[in-house]
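Pasting the structures here.
Shared chain: chain A. Partners: chain B in the first complex, chain C in the second.
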Partner chain A sequence: MKKVLVVCGNGLGSSFMMEIMVKNVLAEMGISAEIAHTDLTTGKSEKADIYIGAADIVANLEDGKRTVIGLRNILDKSELKTKLQKYF
Partner chain B sequence: MDLIMKDILGTPAILVGLFALLGLLLQKKSSADILSGTLKTIMGFVILGGGANIIIGSLNVFGKMFEKAFSIQGVIPNNEAIVAIAQTTFGTETALIMVFGMLVNILLARLTPFKYIFLTGHHTLFMASLISAVFATGGLKGVPLVIIGSLILGSLMVLSPAILQPFVRKITGSDDIAVGHFGSIGYFTAAVVGSSLGNKAYSTEDIKVPKSLSFLRDTSVAVSLTMTILFVIVAGLAGPAYIQSELSGGTNFLVFSLMQAITFAAGVYIILAGVRLLIAEIVPAFKGIADKFVKNAKPALDVPTVFPFAPNAVIVGFLSSFVAGVLSMFILPVFGLKIIVPGLVPHFFTGATAGVFGNATGGRRGAILGAFANGILISFLPAFLLPVLGSLGFEGTTFGDSDFGIIGILLGYLIKLF
Partner chain C sequence: MSVLTVEKARVGAFANDWREAIRIVGNLLVEAGDVKQTYVDAMINAVEKFGPYIVLSPGLALAHARPQDGALKVGLSAALLKNPIDFGHPDNDPVKLVLAFSAIDQISHLHVLQIISQVFSDPTSAERIYNSKTSKELVTQLGFL
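== the complex of A and B ==
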């Protein structure tokens, strides 16, 4: 099972809302995955298969080895779905 | 009876844990999920307390440096401290008002158009504490106190999110969540100031934060840096000799200040981790209860929920509110009022939120002026609240956020009429 980590600056507000959205989208796609949300500092040290967040924030996680999905609009379900489909 | 009243209901962590438990049961989750969810909720509260202690330690040092630097003694608004004092005398009343207030909240959400469930548990506790202390001193006791207190608390729990909701819709672009925080008068004021004095066309979020500064979006880093700057300035004014002899135990004053600043940021990091655990269980738990009893209920959440919608306004708002706090400190004695030392925590949380609200109605200027108005409110209201609390023997500390001031002053003078 893949682990998806949703990240924002605080790890409280927007990442939690995105996590709920990611859960819904993956459920629609019939995929089960381990999903959690956290702040940027923790995101840097926590291992996950996919990192999701607002584009300007997750850019900070990019290290060439990680799979990072940056969202232009964090509340846009269709953008999220299109980008997630590439990895599942 | 004492076990239930004092030990179980008097421990907010357990109270909130029970709330999560009920929600998970109503959702018919597996026993493993119920157990881990309840435990993690309680643990979240414990972590929160641990982080708060770290922050209080660092703020105490800051307070001492501050008093030395400006050679004044002021009252430090600290919700936790004053609630701790009130708990020793009015603990049972507070716990009962809190529980029945939550029930009144659910009832009002079901019966009225105000579909808000107030989920910021620590603020519910603080408000219950304020109400029981002010009323009990005014001569209201026993069952009438609990009944009237619960009705007032429950009403505030739906009214405060309600006055903010038109602006929350603007900020989040949806009507799914609400803000549940007893700084609401300050945010409402900021939004009104923003809409009358600001210009919505120039949002704080259009300010191009240079790419090289994007690391500031990382809360822990931003808080560390801000606190380091504040600590170093105040430490410089207080003088190395005082710090090294009185506070740091001989450690160089700059090294000491740097460590205190980063300790503060570490405390914030821990508190955020605790809040994350709480919210992750309580929001679904809330859904469990709300789905059963209240149709279309909205969760009213703590203010950091709106921070991600305008991260620049968060920084602008905090700085502007704090400046207002510092200016007020010099103006208060002119009016014969006690000096309120600007607390970084209330100015950070309520100032940042006021900035987000001000930006939503009035852009950059709205964020600056709105947060400034909030800073004035949370400096003057605690000063006006002091006489009401002073007779209770609460001198030296007071409640910080704006609603506690307004409600405390109103209730204090209301009870005198009877």
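== the complex of A and C ==
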């Protein structure tokens, strides 16, 4: 099972909102995954298969090895679905 | 008592820039006794530190800081701006509505965020919110009345 980590600045606002969206979208796609949310600092040291967050935040996680999905409109379900489909 | 009341919602608020806009919603939380003044400064500092990622979707900014920055209870305030303002977000500017929330732990504010993400993930309901004419209408459209 893949682990998806949703990341935001403080780890208690938008990351939670995105986590709900990710859960809903993956459920619609019929995929089960481990989903969690955290702040940027913790996200840098936590291992996951896919990192998701607002584009300007997750840009900090790009290291050439991680799989990172940056969202422009974090409340747009169709953007999220299109981007997730590439990895599942 | 609801986390967002009519007293904590403003329609037609005027701000010169994003810092002022955050101060307006922040002060609504201070007046309601939800946060200390330090929390308002921390919300501004968070944008300076992490960038305008609090602009979640077109027209919407959700300002917040951490519980330890001076939050006293779970609270939410809203300011619908007279003049939309740029926060420097590449896709979702200009901001029409600024919300501020205070969290006291990792969990107790989550129902508030759930309501917000639900109403703003539907562009039609977002548009209805942005067109609110009174504080009462704004609170109602946001789903708190």
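FYI, the second predicted complex is superposed on the first by the 88 of 88 C-alpha atoms of A that agree within 3 Å, B and C clash if a C-alpha of one lies under 4 Å from a C-alpha of the other, contacts with A are read in each partner's own complex, and residues count from 1 in each chain.
As a convention for this text, a contact is a pair of C-beta atoms (placed from the backbone, for glycine too) under 8 Å apart; a residue touches a chain by one contact, two chains touch by 3 or more.
What you see is a predicted model; the values in this text were computed from it and never measured.
Trainee: On the A-aligned overlay, A:14 touches which partner chain: chain B = first, chain C = second, or both, or neither?
Mentor: After superposition on chain A, A:14 lies in contact with both partners, chain B and chain C.
Trainee: Quick one: classify A:29 as touching chain B (first), chain C (second), both or neither.
Mentor: neither
Trainee: Applying the touch criterion given at the start, work out whether A:38 contacts chain B, chain C, both or neither, answering first, second, both or neither.
Mentor: A:38: touches chain B, not chain C.
Trainee: Contact-wise, after the overlay, does A:72 reach chain B, chain C, both or neither (first, second, both, neither)?
Mentor: It touches chain C, and chain B stays clear.
Trainee: Applying the document's definition of touch, where does A:56 land relative to chain B and chain C: first, second, both, or neither?
Mentor: Both partners, chain B and chain C.
Trainee: Do chain B and chain C land on any of the same chain A residues, and which?
Mentor: On chain A, the residues that contact chain B in one structure and chain C in the other are 8-10, 12-14, 16-17, 40, 54, 56-57, 74-75.
Trainee: Which residues of chain B touch chain A in their complex?
Mentor: 173-174, 177, 214-215, 217-221, 269, 272-273, 275-276, 279-280, 283, 304-309, 311
Trainee: If we count contacts the way the header does, which residues on chain C are in touch with chain A in the complex?
Mentor: By the definition above, chain C touches chain A via 46, 49-54, 56-58, 60, 62, 64-67, 89-92, 101, 103, 106, 109-110, 113-114, 116-117, 120-121.
Trainee: Can you list the chain A residues touching chain B in their complex?
Mentor: 8-17, 37-42, 54, 56-57, 59-60, 74-75
Trainee: Using the touch definition from the top, list the residues of chain A that touch chain C in their complex.
Mentor: 8-10, 12-14, 16-17, 20-21, 40, 53-57, 72-77
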